[in-house]
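Take this structure, written in structure tokens, and hold onto it; I'll ask about it next.
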């Protein structure tokens, strides 16, 4: 059994709490901190927490809290983490870790110096679909990964602070891109170094300073390409999709808007359908179990099992730091209009990885370009001469 | 915390065990019974059970078992239930409850006389999609339910006993139809009485005595129609779908083969994909978290929460009994080629329900048949005269 | 070049005309008949027809008309066909051929006696998807067909006469079931005799005399089962789907509501989306080219190519007659609640077809029931002893 | 009736011929030129052409040819076009127009100087789905277009010359990107100037000099973003999809791999499934009518109707030229790793278009950032103060 101090009682805090107390869980939130007394009290009541407070340190230091779960606006992460280190408390933090790599680095350094358990709550690498996809990749079903795209777009976040550049630290790149970067890293291999980033970003629709739409490419040391597409201007709900291309296969994951549940209603009995749904009449696409589909259950399971086994979880502050470094490069690239290097002060993965050869031997004289069955049922090969480089085709019975 | 004695350690026993011990669960299997020592031992090892035995009663009577979970072939359910009653143990049983209504009735009577907690493990009315769909229906988003179809087809069950008429009690009607009947009852309203059944069944492909393909219609007292389509001859995996028509809406649920996860592989690294998948190359459609998508997690949550709160779960032996009665009528109808009445000795739902009127007032002289927008953007109504019954159309600006 | 006299200028007449004059067609409508002068004129103008009339015979007899296309309410088909025979004109008729088998039979007899070209305009066996599916079946990719279902449901027809039992001759069974019967016959094999029908029908929603919802099973001589699901009470648009099960494969065709085109709109610029769409905001699913997707283009191509080559088209009045016979049995069954025989006075397909054996030799002692790969990667077979009938399982390396 | 001289008799020439002679078409190919006598003869036979030749000019000059259709490798387009101009023949050319903007410009200049009808055969802006999507955009259903992506990826082209840099002029950017650029231009508005391009390209898999995978962003003068994703290394068939985001809506078009036709087969009767399909067992996704779904029919209809009406078609050589200019910028950007300007010597669309304001008035003091319905059913607005720029939220009953 794990006892949790929850910092923050807003949208994401409640999502976390639903997952933590879900199914027949043995874990419990024992203390909640909120900036406002009213919401702290309400949360404590709803989730049956014995202790609530408007003093963050009190909650962190609470003797019945084994781990602190940070579900606060981005600008408050660093201070909360420092208090956890002070009190030697295990700490798990919502995404993104910091508003930038500098903040992330200081948090990483602090938890490692204090030697406390640290987890980075990137739920989307724990979705059931992602876990299964990753397993297939590990088994080799995709061959070598060439490209991994993650897309998260919706009509914009729920709370005011997201829209404020100072508190949030950025727009949709920081809010949504952090998910996508970690997802694509995980498909490609978290031990492969992200090298450089090219990003376009713009404020196309919303009257805000931060970007509301962005697309970026991330180049990895082995030649693989990560891509993210993020926006707060999408119409139609929450579009959450991954696409992966490998030399031996393809993966398409749709985590939200098309999951095998379709409903038409004229609008009688209209009510809440799903996170960021835009409508409650006509054709609707609810998700069965949002908490599970979004990875919260498997994420907390990994976090707490790891804590109990005394080993680091799949996602640590170091991962959060890498993500922030990639995003910093994306923000810079959006301004300079160049590919910008990812500045990683510490790299813990593989080094000096090179691109694999793309020469497939066909016979002593030729490389194979392509093999196919024609309309007429014959087998055809397209070959490249090793000597001359000339391309020819040959029909084989 | 609930301590479980698991009877049976085959395919379904292991599925249950994975669900029971899943996530951060507080519940534990403390004893396992299997007919063969070897498999009992293996199961005990894999799931960390302290006690295993090849003596069923020993497991049922075990002092550290709060509830007995029956995961045995159909022909052994009754004997197991009787032993649970003898030892006054709470009991939950896999589907179908009995091989026929007679067996089901005796089990129902026994648990009620013994006054023990009883649960019917119909997982498919606990899938996340089903639960959400049902909520929408309760909220009125579908209006009055006209028709609910549930389809379960696949290339046939894993274990030999399913194919043996004596042990199984039937073919795909009993094996799969039991799911479909409870699903459609649940969409239409479990308090609405099933009245009569029309069923076609045949052994089209397999060299067995039981049916390997069947389709049935179930008429309910309010005029709603349930439908099941079941087969052991389907090619392409496990097809698990519901379709519901209401006066105000439509529901389409795909629980397995199309859930937003698509994968193509040339076949490198081929391995287990999903329950009853038929292939591991080409386009594949894995399910992220089978246990959750198939309802096991929410089912056990309801069972054990109910036990702890001292109230009956959503699905009890009574439901299993109703299902068996409907299936008995289906088997009979397949032979007589007539609609056959559902013989329910005890009915605990609503009685004397009648069909709702289908007259919608348009104006003092007419009922409304249909209203639509034409190609040309005009609004058109089709009306029926209250007096003459004559149908006319009228274009309204 | 074919010159057409079009009888009828309503919804279906205009659909036909769009197809006939579509793409770079060499064919032209040269005469149009309508009961009302105003609509005849309008149609002639819109489609550039030289001749229009309110006298049906005048149009049929018109010297510049090579073929007569009947697009009239059901109760007028017979009279129109008789006039075509009188004037020895080739005739093609919209579906259903007659309001019942009696009418259909008289029309069939008349055109055959008059020896005129006759085509039955069942567009849905000419859809591009259907044609390709049928080709795959011919090539053996599905093995032996076990079951073929066709579903057509929508919120009800556009014109008043459909809702009037006298003019239409029936409700959704006649209007939509005629499509489904011919589709399922075509999947199963048009030379296989339909033997008997079981049908449920009800008027669940609309204030009409005819049925607004029906489901039927059609048994064929070789043991295959056809199924139709038809309704005028479906919410959400036009649901047009086929499902086919064969011993070697599965076919799923969605012809309308999910064809790879998805659109979300807040409702600005709302306009006509698709036939029988119910909404123009939220998620919409338009069809790209309705005429082609619904089979009109390939249908008329077959009709006129056949005429020019002096051979019968794929669909003749005889097919229309068979469909009416099946539907008559369905109507009767809905009343008697029994399986009712299909009364075919003339059968032109195969006779005395029997069900194929379902015994697959495994070795000298056993038949094969099932072969599968277990979770653990082993191959398992389930066998039935030829002598004892006993079922066993055997794991093979 | 149009009489066509077909230059080239390979894969695309035959696709064109099938479309040109398709349905009940009045148009006919009267002459065919091929470099090899054997294939010219075969084509003439198959399509019933009276004249065939291995002398290109002979075919172009043929008196019974009204229009010349160029279906040759990229490096032969220019010479063929010049001959058409010499003989004052109407000319329509397959994509891409040139191997680069220089070639395209010379062709454009030549046809305009010679004053001959010229059409650019970009079929994918003529697909039924695209045409309908474009209509919805024109009607305002999408609001202002923010982003349009087109993706075309497959396992590589059929003929050897595509893989040869000299003959093809490039790799997948030129082969597939030309489609995507014209598609995205058409969604965004062909009168909006493409300004600059950022492109990543690599040879990840194939042993060739040209790129086999590329992704690019194209910025338009009004701030809209076009995107293309192209590859010859995709596994699983032909992936042909568009995605469009507008301020009022979303469009998702799947033109090939998921069009509502799904088939599983164990592999009996295996044969040709669809263009660039990779497998003929397991789950397959055929397209009903490839020619129509890929736009060929509507394309030639527009070309020939326009010729007959003496007006330019929707797609002219000028469009081909613009596409080549965009692709030249993409190739340059892939090398320089910067955004590169699109160098258009002649621009015939709108000029000095600016980005629209993104300020939505909420009340006299505030702009509206977002409006939403909360979990609890309340309406919430997020506002930005006009004066201070501060973001606040407000719950409204």
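Going in written order, the chains are labelled A, B, C and D, and every chain counts its residues from 1.
Definition applied: a contact is a pair of C-beta atoms (placed from the backbone, for glycine too) under 8 Å apart; a residue touches a chain by one contact, two chains touch by 3 or more.
Remember, predicted model here, so these are calculated numbers, not experimental data.
Chemist: What's the call on chain B versus chain C, same or different interface residues, using the half cut on shared numbers?
Modeler: Same; most numbers are used by both chain B and chain C.
Chemist: Taking contacts as defined above, which has more of them, A-C or A-D?
Modeler: A-D is joined by more C-beta pairs in contact.
Chemist: Which integer distance in Å separates the CA centroid of chain C from that of chain D?
Modeler: Centres of chain C and chain D (C-alpha means) sit 36 Å apart.
Chemist: Find the geometric centre of each of chain A and chain D from their Cα atoms only, then give the gap between the two centres in Å, rounded to an integer.
Modeler: 33
Chemist: Take the average of all CA coordinates in chain A, do the same for chain C, and state the distance between these two points in whole angstrom.
Modeler: 49
Chemist: Of all the residues in chain A, which ones touch at least 2 other chains?
Modeler: 235-236, 248-250, 264-266, 271, in rising order.
Chemist: Between the chains shown, work out who touches whom and classify the graph as line, ring, star, complete or other.
Modeler: Its topology is that of a complete graph.
Chemist: Quick one: which bits of chain B touch chain A in the complex? Just the residue numbers, please.
Modeler: Going through chain B, the ones touching chain A are 1-2, 22-27, 127-133, 136, 139-143, 248-255, 258-271, 286-289, 292-293, 297-298, 300-301, 304-305.
Chemist: Quick check on the complex: what are the chain C residues that touch chain B?
Modeler: It comes out as residues 146-147, 153, 155-156, 158-161, 163-164, 198, 200, 202-209, 213, 215, 217, 219, 223, 225, 227, 231, 233-236, 239, 245-250, 271-272, 337-339, 355, 358-360, 367-370, 372-375, 377, 380, 382, 384, 389-393.
Chemist: For chain D, which residues count as touching chain B in their complex?
Modeler: The contact residues of chain D facing chain B are 235-237, 264-266, 278-279, 281-285.
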